[in-house]
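Before I ask anything, let me first share the structure, which is written out below as structure tokens.
Chain IDs A, B, C and D follow the sequence of writing; residue 1 opens each chain.
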Amino acid sequence: MDYVYGPGRNHLFVPGPVNIPDQVIRAMNRNNEDYRSPAIPALTKILLEDVKKIFKTTTGTPFLIPTTGTGAWESALTNTLSPGDRTISFMIGQFSLLWIDQQQRLGFNVDVVESEWGQGANLDILASKLAADTAHTIKAVCIVHNETATGVTNNLARVRKILDDYRHPALFLVDGVSSICALDFRMDEWGVDVALTGSQKALSLPTGMGIVCASPKALEASKTAKSYKVFFDWKDYLKFYQMGTYWPYTPSIQLLYGLRAALDLIFEEGLDNVIARHNRLATGTRLAVEAWGLKNCTQKEEWFSDTVTAVVVPPYIESSEIVRRAWKRYNLSLGLGLNKVAGKVFRIGHLGNLNELQLLGCLAGVEMVLKDVGYPIKLGSGVGAASAYFQNTTPLIASRI
Amino acid sequence: MDYVYGPGRNHLFVPGPVNIPDQVIRAMNRNNEDYRSPAIPALTKILLEDVKKIFKTTTGTPFLIPTTGTGAWESALTNTLSPGDRTISFMIGQFSLLWIDQQQRLGFNVDVVESEWGQGANLDILASKLAADTAHTIKAVCIVHNETATGVTNNLARVRKILDDYRHPALFLVDGVSSICALDFRMDEWGVDVALTGSQKALSLPTGMGIVCASPKALEASKTAKSYKVFFDWKDYLKFYQMGTYWPYTPSIQLLYGLRAALDLIFEEGLDNVIARHNRLATGTRLAVEAWGLKNCTQKEEWFSDTVTAVVVPPYIESSEIVRRAWKRYNLSLGLGLNKVAGKVFRIGHLGNLNELQLLGCLAGVEMVLKDVGYPIKLGSGVGAASAYFQNTTPLIASRI
Amino acid sequence: MDYVYGPGRNHLFVPGPVNIPDQVIRAMNRNNEDYRSPAIPALTKILLEDVKKIFKTTTGTPFLIPTTGTGAWESALTNTLSPGDRTISFMIGQFSLLWIDQQQRLGFNVDVVESEWGQGANLDILASKLAADTAHTIKAVCIVHNETATGVTNNLARVRKILDDYRHPALFLVDGVSSICALDFRMDEWGVDVALTGSQKALSLPTGMGIVCASPKALEASKTAKSYKVFFDWKDYLKFYQMGTYWPYTPSIQLLYGLRAALDLIFEEGLDNVIARHNRLATGTRLAVEAWGLKNCTQKEEWFSDTVTAVVVPPYIESSEIVRRAWKRYNLSLGLGLNKVAGKVFRIGHLGNLNELQLLGCLAGVEMVLKDVGYPIKLGSGVGAASAYFQNTTPLIASRI
Amino acid sequence: MDYVYGPGRNHLFVPGPVNIPDQVIRAMNRNNEDYRSPAIPALTKILLEDVKKIFKTTTGTPFLIPTTGTGAWESALTNTLSPGDRTISFMIGQFSLLWIDQQQRLGFNVDVVESEWGQGANLDILASKLAADTAHTIKAVCIVHNETATGVTNNLARVRKILDDYRHPALFLVDGVSSICALDFRMDEWGVDVALTGSQKALSLPTGMGIVCASPKALEASKTAKSYKVFFDWKDYLKFYQMGTYWPYTPSIQLLYGLRAALDLIFEEGLDNVIARHNRLATGTRLAVEAWGLKNCTQKEEWFSDTVTAVVVPPYIESSEIVRRAWKRYNLSLGLGLNKVAGKVFRIGHLGNLNELQLLGCLAGVEMVLKDVGYPIKLGSGVGAASAYFQNTTPLIASRI
């Protein structure tokens, strides 16, 4: 199994799955348990309360589904919509593309709003579509908060404003897979109806838990939504919530204890501090990219993502060669360019439980790989630029002052 | 998190999730990895080959889906059937009931064949229904190999024979959740079209991987099946299999390494030895129940399950009190009676990576609990009966001879 | 490494090293840390305070030495005595023999008081020797609290009384390796001058930490003791205690965190409850031995050990064959007979973090092995006898009531 | 326990204990086992064979002692020497000082050869002392291969040459604590009589195993050496080696399996590749120090250590402030200056299972800390210098080519 062994640690900078903190690995290092004993419901009850905090909601109802982000998407859609329902969805990169593909294959009538990859969702078109939809045929606005393929963060507050401006009753469904716990996200304030994330992203757990949170309005919609579903059906969860046993089918005991540990770390650091740290690490990364003379795939600063940076390489370089070489020579895992930007960008994931020195090690590795593939780089330039920013901004570790 | 701490180990004898061997816990004790690096596809390729062995198939195509048994059911149904399709399904206990419920909610036309709980599937009715169905309106025969609620194992070879006798083309879909890797199961020989299990059962892993295996005929059916699905869609898997990257979305790195370790243990012991061990432990359990003067919920020997024994308690005892007390006093986790047999039976799960002394400890605990709740039992009687059987039949541990 | 793999768990009933609770395994599942950072001294400070509680001392000074019980013995002796010093030591089994051997090889003048193996220390002879020693040539009385080879517990309160009766100033050195945290031990009340244990015994940790506790009188003696030592020298520890850095050389980070977890479990259960549990499990074991018609190696009830039971086998059986077979057939680890009782006894260790059902599984295994080797045993008889006792005496698990 | 929690990983660059590879942490994540079962002797036998390879000896006899480096020293001395014996020992830093202190306190007559801290052992004086010692009163030449306090590596081949030049029969005792498995070390070729290391150094294990290897000549000497010892006595080990049970007292089961995993990693990478990697990382570190305009505490290139670099800070900076700040702000653990160089140097440990990007992250951290404490540094300068070297020299990871 370790036939790919290399000395030292793997430097994991793909935008998911991300590094798991040792405290969480420890918490998950355990045997199975009877999930029908009093212990697991008691644990679940607290987890459901606490997980609402990462969505910044007090009115939402969370579901911890044994699935991935793709399943969480499906849960959000099939519980709130019926086949044939019209949705608006923004195609701005590979993951928004996949969600749109899912919406279409699940039988919804998707009104796709395209942008160039590297740009954010075109919210002006959203406004005009909503304005035109006086009959309220649009049942849901579906948007990826952070497009992981291009490193683009959409402005959710503005989406809400537009919905409000037109007093449009459409549901507001948000893919927060690569944003929640890392970017500023405010479910209640922004009137998000379903928000979702996956355990292997900013929560820094293994893959396997799709976390979906539904507003009262979404729950209401779920009562009449006609999409076929059983595994993803919220009704089954709600029935077991009421019974106090919480689980319609077997959860992963390990992920429950892992989630407990992950939330503990986030609350200890403070969610807003976690978000600030993501911004700090992302800013450092962007300064390094600039110092290298390379372009961010994200076209405008307003869309810059604090969880992933897609770096555009010069035309004479194949970006996948960078990723391959990083792994083969420096034990560094970077993200590939996907689909339209395949070969053109590589991605640095800087989300999850991570600190400055880890990122600087990664940036140093990227510099060497860039040189390896023939890019004329001054080694140390990007690290220096990021370091200068970090040296000015990194707070003392609160627990060690 | 350990507020339910008790001294010593928890004795886990629910019929799932089951005890995870230390070797598997160790293998899973790890950080995330990039699932797009060459390492994970290489690992996946071997796993897909090896996992076929536990189904006893060479022609099947396996899918390792990040889901539970419920999701695996849904994957089996939605990939092979279209809404409105007629299925035959046998209601013999809580899990067959839940699968039937799923079939109905997914829009299939389910022809339910009921038996009394404690009996096996009524295959005579199957025969007569197939005989009558000269128009081949029945698209699938769905059967739970081992009903976990009542400890009933159905005769799959006979189902195949009946299908053959009537040359009926219906798909043969099998829930092997509490059977595969523990009971004799022969996908190719029995012409099973879709078989499925969950990682937390006889494979002795954490929950989170639904393992589904499709025959060529099932794959063919999947090309035209019209049920909506994306997360569970085999097509996406097949596309990535072909590309050699294997994963349409993020798998659990930990479960992949865990599966590797779990299969290694099974192959080291020998799958047939594993199955023989399950029969030995089950026989011991049944001898104990007999010695206690209690009745097995399973009504005939031909249906006796080698993975779970449902024990009927006298009418003056509430079986859930046994489960509660076992946990509160002896750190012993037993299975509750479900639905129709709630309060009337408790269940001893004896599946997974388990040995004689673990089971005898459990039986000793059951004896004490039975006495606790007022059942006039001779302490040591069941343990003695099981021990006598084990002392005659347990082989030397192969690696230690 | 797992070439000795057998299905299911190993049943570990040697009198050390003993089963490690999962909580402790988890706590130790970690990387190294800088032991000179503020974190490790802070942890150590608390541990030194808390570890005193298991000795029931408020005036003692504990040392957590990276060594085994043998090293802890050496630390006790070389810090308090000078070569040529006269000690009284009791030869009652293999471990007292080894300690005497150590005393002799370290150059002390050992006055050996022998008993038949199976008997406790002859304290009448102690009394007469102390009475005769008006010149106070005896510098230390060295006694093994619990002789692990024969399952004999000595009466320490009586040793103190005798010392007091003769107002003898000899140091009172106690090997508590297989007693502390399991048997009633009262350092301050009994005026013990040095007490010691090893991490892999009742504390239920891995091997590697010798825990030595010195009374003020022992510390005073250490100032003038002339035995050569450096690694074991308390002075180095005391110097670093004063400096607040605590460690004269590198400790095992993992064992420190493990000790923290182990103490947490003991304090949660309550030390006196832990001791009561050891008595309960030992009583059950002795009742089983009686039911089997076998003899306890310990000759009188007053010496019965609550941590290990040495069982005498009939002359036509080689006890090592029992141990070998238990391991080869039932994955059960029992203790061999040592030295004078080799071949004649096997030993059941029932110390550490253990519960009734674990022990009953072990007893069921012993029964089958006894039958395997030709002893005419009624299977279930011992388990029944122990169960009857446990069913009357086992308390509800406090945290689960 | 995690009250000192900081986001992301701790960057551990003290010269011991060092980072434990995940594979080793996994291998150690286990319960205790009976060390008298056939499994542990079988494992030990292989380990003793394999551990000789890291000493590059075929004729040596290794001992795996449950102790630290300090205990390993004591084992080397007390088994080969008698009180009053004359040794030559070189005082060049804190650890050589401590070993000399130990030699004196154990009653040997130590002939101390001092050098300025930052210089290597004065071997000219050794030559003259040996030349003068025609009566062969010098029983042992004791030398620290790598002085961890100052980052000085002594030339052992030259020591052997001098001994040979004067045909001096003195034993050649080597502290290889921070060298073996990281620096070129050749026990047989260099005629070393006792070599020793600790598990927590280049072997990358937890603390707790002192590994001592004795030449035939050392074993011969041990037969007549009169120092008192029991715990450290090789005789007890040799007796159990002969019996095939290997252990005179309880070993750490976890460390044995950990050692197995650690050796597997070293052999997979290739011991000579491991040594080359240490040279590469050390060279990069030294280039960074140079780029920063700082001085290496090691005064000449011939003594440069490939496992630790002691960096001299300008007089207006307190080096302990660098260490404190690195830990408090960047989760970076550096080594303090010790004794004569306290406050004047800080140390970067670059030994064990480590790669380029980990080290570059550390160097980036050191740069920021240097700036924090007022040193006028160009951020990125050292990282750039080291990167330039690594980018030219780092091989592809063998298993990934």
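Assume a residue touches a chain if its C-beta (ideal position, glycine included) is under 8 Å from a C-beta of that chain, and two chains touch if they have at least 3 such contacts.
Just so we're on the same page, UniProt names per chain: A, B, C, D = alanine--glyoxylate transaminase.
These numbers come from a predicted model, not from an experiment.
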item	value
Chain whose average C-alpha position is farthest from chain A's own	C
Interface with more contacting C-beta pairs, comparing A-C to A-D	A-D
Gap in Å, rounded to a whole number, between the CA centres of chain D and chain A	44
Centre-to-centre distance between chain B and chain A (centres being mean Cα positions), rounded to whole Å	34
Rounded Å distance, chain A centre to chain C centre (Cα mean)	53
Per-residue overlap in chain C, given as positions that touch at least 2 other chains	3-4, 19, 22, 25, 27, 29-31, 38, 327, 400
List of chain B residues in touch with chain C within their complex	2-9, 11, 19, 21-23, 29, 265, 268-269, 274, 277, 327-332, 353-358, 360-362, 364-365, 367-368, 371-372, 378-385, 387-388, 390-391, 394-397, 399-401
Residue ranges of chain B touching chain D (in the complex, touch as defined)	22, 25-27, 29-31, 38, 400
Chain C residues touching chain D - in the complex, by the definition given at the top	1, 3-4, 10, 12, 14, 16-20, 25, 27-39, 42-43, 66-71, 73-74, 83, 101-102, 105-107, 198, 200, 206-208, 227-233, 248-255, 257, 260, 327, 333, 335-336
